[in-house]
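In what follows, a single structure is set out as structure tokens and then discussed.
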């Protein structure tokens, strides 16, 4: 089974970046199987993602990183170089709604999500059976109004012990504390419903129904300290009409939420999402 | 060419409405070619729309209205009964962007919009040639910061003289005064861009680009005194990615705006849109 | 918990059908919660579906059927009257691909599919564990080139013993014999991939990739003796590009197949699909 | 106003192509504003498209071509290098249905289609007024069963005299003769309706209605000698239901046809479509 080195770069745009990087790869005999580039002309920033057949390069990942470092410095790059054999370790967090979790577990089982699932953490114990049936550890960390600091300290400790790389909030109905958002910046993915117009407060699907919207949507984004305002990875919608009850909207919402989250997570795992400021470049 | 009577009803939901109405129609020999009904169980309200072959009924529109009035009173109905031969007279209002206007004129020429276009009113003179080439009168009513009351008095006078039934704001970048909104309540249709999240202020497509949204949309709605908050008729979206510049977003926005407005207007003209409070039932 | 009587009717179109039926229901005090009608003017045929609050009618299902029978005769109706408490018994048939089965089981667990799942029948034993974990019986009926008559006799016997009402081919890669198709006409639902243009023969996703299609789709339809030509219930598509490999297409195909099948089955279970000749009316 | 050099390359995939080409561009000081690449791993073929700020290169187009030729030979490239100031000359061909033509003319007027429209050629005289109002020459070349060779000789002569680069069949209901297809291979774009399943013969929308399809579509493709089988550029669909009459399907078909054709033509004009065998790479 082939494995690949994935090189992801973001840097100020200037002459000769592609030439320099592709020369570097060609100079080491690297066979590029997928290449994506983007120049954000307004921001003056350049983004690239290369997938290189690992066997075509006579170097270990460490050696390749060392060799590339001077190029990166020269162009002031933010960069990452990963071996696809080094799977990311992901922690899934969930509350009581299971649709996103079940969908992710199925896709993971089917080989659609290239990661290890280190554990599921939940503030409820409802899904233990289903999760453990998949052979995945389940941690119940109750969260109440009066124990939030302790609860999230426990979550943080768990994530650390589990050696997790990324966190997916698969309908986890709690707000992560700022320190956790910062520590895992660009590695915590959330899914939330979206509407035109948007609705604040409780029961958004009921509000959307009262307003007679014709579309309901979902947005997958990286979590930042500002609630639901982090860089958007993916969005999609589902059409609705006056025929649909609030519970129909909730049901359609589940479908679009799970689809959008699965797409966003897959792209994250494949290093297809590059963050710059509060927006993303997605080489989907 | 067959013509039809269209009966549109909204009333408190209770036993026997359909029986009473369909008996009434059958009792006059009416052949129903299209029937739609909806019970809003939360609101306790019933909506129906019947299309009846006019020749199957041995009565004029006036006679049929008189005959139906007692039924309507019995069930406390809001209702309308129209003859499809009596085309609505529509005034189109436009500023400088022509995409919606051109699209509506083409669809009207192609027979997709069953109405008379009484005139185009614009605060600019740019589109006179194109509009007059279609044989439609063009009225230039400049609007400036210091002449708004006079300008809209002139608009109102024109709409009245033109004997217009409905007004379409086809990218008319001015806010209609409250009295005009009230006078033509449920008969002024607007199109505006929509985003997830939404963006207030100028240059919304540039803001959406800066935020890295993955969808841009448009909403067609009836105009009320509260800006962009009236009952929604139709919405749709177009996918975008990091590859797209602000001007690409503007271009996609044009496409989705014109499509959504044309659909909404068509449904309005065919009496498919029933308003209840701040939402619509659309028998599309 | 309220239950409902669902009346589904198809008959030659003529004057007074709605009046007669709605009089009948109102005459028995029936409160209609959902009503849909359609006149196929080309075919001269009328279709209707009423959902009636059972408690509003002082009659059992049997009594109501007896009372309605004369009305049905008068209008030469094909009709069905069901109590939503009488859940349909469904048999799922599957081969080796699990995506549709897993999706249906999840939706069933989540209450989206109002039926009993009598059993899963498969020509392979792969999914026994997962199915039995859901508490559903699993029957392995191997099918080989030289045992088809016996195998399908066994399938038919099982379906009969299980007292199944409907059969779902959730990626069951075998062709049902004609007698089974006839016996369960209008009650066997299949999902198959669809492309523009269409591709006969093996590995359709690879063929589609070679042809460079920009859309892949899926069609959910009732099974008839003619392969993949029965009445269409639902279709949908997923966009693809040159970036996508054949295995990406297979993956997208899984998503669109499971979504389309779930929608079609739900509508079937809710008596929203009326068949006429080789087409359907879907009151979705 | 900036102009750009567009380099489009297709060649056997091997080590160092990107390095060689980007070195070449960087070596001449070229500032790349957009870069797209694709490796078709099955076909072993590489595709690239670069957009280079012309002013950043101190060479004329001719000089740049001469300088690049050795690189192209080295890698056995099919390639083109164009200056965006050299607009393509396009001939539009149309029969009696105007929706695609009107849409293209509007987009062209709005600056969405970067080309010169050399003329409209039609086998009918219906649209002369509208076309000439846009300031575009109109040529009426009647085609009848008994004059096809003469008619198409006249078409070919016109296209030649008009010095046209590309031909768009915007609902031109005639089949081009093989010699014309060959002569303008990869430069004749057609739009045709598409259905699942597909329908041969006359009145396809009526056939689709009879079959009860839930989607109607359109395909934009390059014309080859084999009817409707050339490389696909773009496809899209529109949802339909049993409510829709054949004339509704025709109307939706017009919308999807014009949208898909406009997208396909825009990509063609921007050199975003690379043909390989019977499929395309579209750097949209």
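In this document, chain identifiers A, B, C and D correspond to the written order of the chains, with residue numbering beginning at 1 in each.
Quick note on the criterion: a residue touches a chain if its C-beta (ideal position, glycine included) is under 8 Å from a C-beta of that chain, and two chains touch if they have at least 3 such contacts.
According to UniProt, the chain labels map to these proteins: A, B, C, D = Formyltetrahydrofolate deformylase.
This one's a predicted model, so the numbers in the text were calculated from it and none came from an experiment.
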Maximum centroid distance from chain B, chain identifier (CA atoms): A
Which of B-C and A-C has more C-beta contact pairs: B-C
CA centroid of chain A to CA centroid of chain B, Å: 41
Mean-CA-position distance for chain C and chain B (Å): 37
Junction residues of chain D, two or more chains touched: 41
Footprint of chain D on chain A - complex, ascending: 15-16, 18-19, 22-23, 25-27, 29-37, 39, 41
Touching residues on chain C, where the partner in the complex is chain D: 38, 40-42, 194-198, 209-215, 217, 219, 229, 231-237, 241-243, 245-246, 278-282, 284
Touching residues (chain side chain C, partner chain A) in the complex: 98-99, 102-103, 106, 110, 112, 133, 251, 254-255, 259
